[in-house]
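Two complexes, one shared chain (chain A), two partners (chain B, chain C).
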Partner chain A sequence: MPKRLLALLLVLPALVMIVLFFIVPLFASIVGAFEVGETFGLGNFSKSFELYSSDMIFTVVIVAVSTLLIGFFSIAIGGYLTLGENPRAVALLRWLYRWPMFIPFIVVGQVLRTFLAKNGLMNNVLVSLGILTPLQTVGFLDWRGIVIAFVWKQTPFVTLLLAGAMASLDRSTIEAARNLGASRLRILIEIVLPQVAPTLLVGLILSFVTMMSVLSVPLMINAQSPTMLTADIAFRINAHGDYGVANALGLISLLLTAGVALIYLRQSMKERA
Partner chain B sequence: MMARVDFWWLPRAFVLGLLAFVIFGPLTNLVLWTVAEKWYFPHMLPLEYGFSFWQRVFSPRGNAMESLMTSIVIAALTVIASLALAIPAGYALSRLKLPFRGLILLAFLIPQAFPNLPVYVNIARFFYQIGLNGTIAGVVMVHVTHGLVYAVWIATAAFSAVDIDLEEAARSIGAGPFRAFRDVTLPLAAPGLMASAIFVFLESLDEFTGSYFVGAPDVNTLPLLLYTAGSGGNYQIASITALLLLVPSIGFMLVVERFLRADVLSKVGH
Partner chain C sequence: MDMRAFLKVEKMSVGYGTTTVLDKLDLGIEKGEFVALLGSSGCGKTTLLRTIAGFAKPFAGSIQVADRDVTQMPPDKRGMALVFQSYALWPHMTVAQNIGYGLKLQKHSRGDIDARVSEMQNLLGLSGLGNRKPGQLSGGQRQRVALGRALAVDPEILLLDEPLSNLDARIRLTVRHEIRSLQKRLGITAIHVTHDREEAMVMADRIVIMNAGRIEQQGSPEEVYNKPATPFVAAFMGAENVLSMQVSVKGEQIELQEGAFNAATVTARAGRRLATGPVELRFRAEAASLTGNGDGAALEPGALELRGQVASVSYPGGHWRHAVRLGKDEILVDADTPFDQGATVKVRIPAQSLFIFNTPEGPAGPHTF
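And then the complex of A and B:
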């Protein structure tokens, strides 16, 4: 079949790129996790758990909390965009919510580091408005700062996907429920949300994976212990040249993500089938 | 009815105002930092404004111009390489019969579907052995791999959105397959391809983790400069660099819908 061969040849260069520069190093990292000196063993893992088990919990909790908050806010914004009755407020919200979407994580880190600090603009405004006294201010540059950065940056992305899915729903069931006197909150939860749940799931999973691999935000907002696994991996490499423990930590974060990625793969295979 | 409207505008205005503060507060803060000569607690606003840090950043001795040029060169090379790979792949995925088409499409998502930090660490180790570490070529390769999912998926969607009858009409009046592609399909898919090019360009411009391991300290892109300036406590320089990265991103957000029309968008990932 020459035509099939041609098609394969056209796709092949791009596929080779993925294999060479992603899949091969991914395997190298998995194999490297078990390399202890010249032999293979579990030494890197026992060292990882010994040094970084609190950071593992910290990472999972931060990413899980952020994912839940992103889900909540995107449902709220998407729901209002779909069911809102004041056209001016809907237009304003549509214009407003997307701003952080394409802002790079490293910029988000810098922006929020200066905004959320103990002497940042947020506290300065609160002090000037008389809501806080200078002595009452607290900086948010710890786990809260990381969560805020993730939610700030990822909510627009999930909302965009979700609002798109909501907009393409059949309006007649919504109108029917409205005519029967159902409240908008009830319509959102009982009619709209079940139909867009697959899109919400895909958006949240992509966000989860993204947050698991972001290095710049934890480095810039909260580099001291406890911190996220990405910062630990960078530290193992830069300070100790310790590829073994770095790879073991990588494999652990991979396994944490794998469960979630599997849900995504199953979902998108179902849609494709 | 009237009473309900009167009652609801207040919470609505409050929530929208709060959202505006949450989104624009940090951005305003960034802009203030770029022009703050003197700013300390507990003053809400800077005490002195000026552009002396801008002069320092853009002076011939400053390394921001060099970083900006490096970043733009890397992003441009990344776009060229990605499109050279994605246009044939996207055409094949949208038009030709391909075994395991769904799996191939998913394969391009792999770099986004796994945490990529351990991968970058090992690429850096491998590149170090073959002398690619700390080179522009090495950084471009990492960026291409990461951006390929946008390039291929959007190119596939853009070609799918072009009516196949037009291509067949060109073929039936005697155009060869390559000519039909070049003169009919490619121009019609151009807006979608443009969108994928912008996506890839921005991804490369903003990429930090890969450049941090593969490029630093020899290849100094803008995000790396931002990181070094920020961790050195120089918030003015870091904020100016951040603003330079912010402007193209926000510009893209405002025009994205012009390039990525709904008919293309609805076909992404299919």
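And then the complex of A and C:
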């Protein structure tokens, strides 16, 4: 018995931390989502859907599109790092691609705001090169700006995971395909990718969850309607002190990410079976 | 070397970065021949195979197949298929998909591929396993899938990179014969890389022994076993007992001069290229015989007799192995009956089992592996 007691004592600090700083706040937020005045009900949710249903769709579409693009670019970069035959180009790419990872989201938002605006750096360059006239310029400070920011920031992270998994593959599985005459693109799609698919999935799901929770990028780039749920949550609290609807919106984001996590769990169960 | 060889490697230099692994190497292989590249790890045998396959680019020299220069061709255009040491099966594909992938790349029809895949499966005893993934197969089965994948594209030359080193010792013995008989049946040219002497002996028509990026000797298994050209080959082929002596060459006779443990012996030169001076003498444990000190049986002509003490006796199976001490040196000698530890014995080595080489400068120590 004293041995078990000791074990319990040893995990107790960690347990207390988790309960105190994770489970209690989460639980309070979930309960808060159903609190309408003094009673419990679905009022916060009906108000959320009434005011923000287009933002929910906007959020899901933006994050989904970004996730797909991140997947595409990270496969392309990781594939080149693994199968590229020009050692210098590979070394350069390896050195370059990680940079955005070390730049905070708020800075990404700010950098892209000055770059993508209607009279921002990108359009100024295009105009001065004579490619566009000032009248033809278009600002990207809407959903496209958010997608660009997310993809720019998250691609290096997924690429890092993916390139690592690709590098640890048995090289001879690639050489065996080359020996039989497979092109590099076919090797990437038919030999390499199927073997690293679980890693890609994990990277994309982690990215999805991260993007769902970013507030700074939509605030910096797209301060208009429709916007992302994170901006709405901040707005409910800062402008109205409306914790009820904020909690309800939080719970809705949680359910959206839980859906993605479920896909992941199912996939990993299938692999283990 | 035959200048009309089917596969011809000429003055080829290969390396990685600034290190040269193979320097101006020449090798010719006949059509239908089974050649083993034998050597210890790091000798360049795998580099040679990978360069022939097209996975490493030579600095200089050429590789030709049937008088066609393939030096700059990509791996798949050389008519060669490589079987990897790790098998390199694609874990996400079934056995049938693995075997059929090369044919799919060559854009054969679905029906053709299925027919060829089942032909390969029958040939290799993989029938009924077509829908399994590599992870569900035994080591021996995986090895056969790798072989089937390479053979399915009907290559002119089959390259084998230590294909048996990941198998259990018992399975390895049967797979050796399977690969050899398959190669004979198909009449395919094969190059087999191995560090296992016995494997090379059993499988190959010709053994190419490599050391430090050079070919030390090549020849039939009997040749390299019985007439090693260099001390390295002698040691690699099992003649691990080494003694330093002095010889004087007199025409077709060589005299091993008297030493602390042997009387002077005159033996036939028998084609050995030797000069008077210090030599390294090598022989196999099983080639020598042991007799008691009092045994007065006549020494056969040309044989060397050494006198020493039994330091230890062990039984590795089939015969008794004695470590015999000669001063500071120790040699291993096999005998059918055990001698007591500490007994004084006579070790007799017949003339044809003595491998004698001039030592270039100073006494050569035993080669270490």
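FYI, the second predicted complex is superposed on the first by the 246 of 273 C-alpha atoms of A that agree within 3 Å, B and C clash if a C-alpha of one lies under 4 Å from a C-alpha of the other, contacts with A are read in each partner's own complex, and residues count from 1 in each chain.
Here is the rule we use: a residue touches a chain if its C-beta (ideal position, glycine included) is under 8 Å from a C-beta of that chain, and two chains touch if they have at least 3 such contacts.
The structure presented is a predicted model; accordingly, all values stated were derived computationally and were not measured.
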With the two structures laid over each other on chain A, which partner does A:Ala14 touch: chain B (first), chain C (second), both, or neither?
first
Who does A:Glu175 touch here: chain B (first), chain C (second), both, or neither?
second
Quick check for you: in the superposed arrangement, does A:Ile70 touch first (chain B), second (chain C), both or neither?
neither
Quick one: name whichever of chain B and chain C touches more residues of chain A.
B
Of the partners chain B and chain C, which touch A:Leu161 in the superposed model: first, second, both, neither?
neither
In the superposed arrangement, which partner chain does A:Val209 touch: chain B (first), chain C (second), both, or neither?
first
Where on chain A does chain B make contact in their complex?
3-4, 6-8, 10-11, 13-15, 17-18, 21-23, 25-26, 28-29, 32, 86, 89, 92-93, 96-107, 109-115, 118-125, 127-128, 134, 152, 164, 206, 209-210, 212-216, 219-220, 230, 233-234, 237, 243, 246-247, 249-251, 253-254, 257, 261, 264-265, 268-269, 272
Touching residues on chain C, where the partner in the complex is chain A
53-55, 74-77, 80-82, 84-86, 88-92, 101-102, 105-106, 149, 153
Of all residues in chain A, which touch chain C in the complex?
170, 172-173, 175-182, 186, 191, 194-195
Which of the residues in chain B come into contact with chain A in the complex?
8, 12, 16, 19-20, 22-30, 32-33, 40-45, 85-86, 88-89, 91-93, 96-99, 102, 104, 106-108, 110-123, 125-126, 141-142, 144-145, 148, 152, 202, 205-206, 208-209, 212-213, 223, 226-227, 230-231, 235, 238-239, 242, 245-246, 249-250, 252-253, 265, 269-270
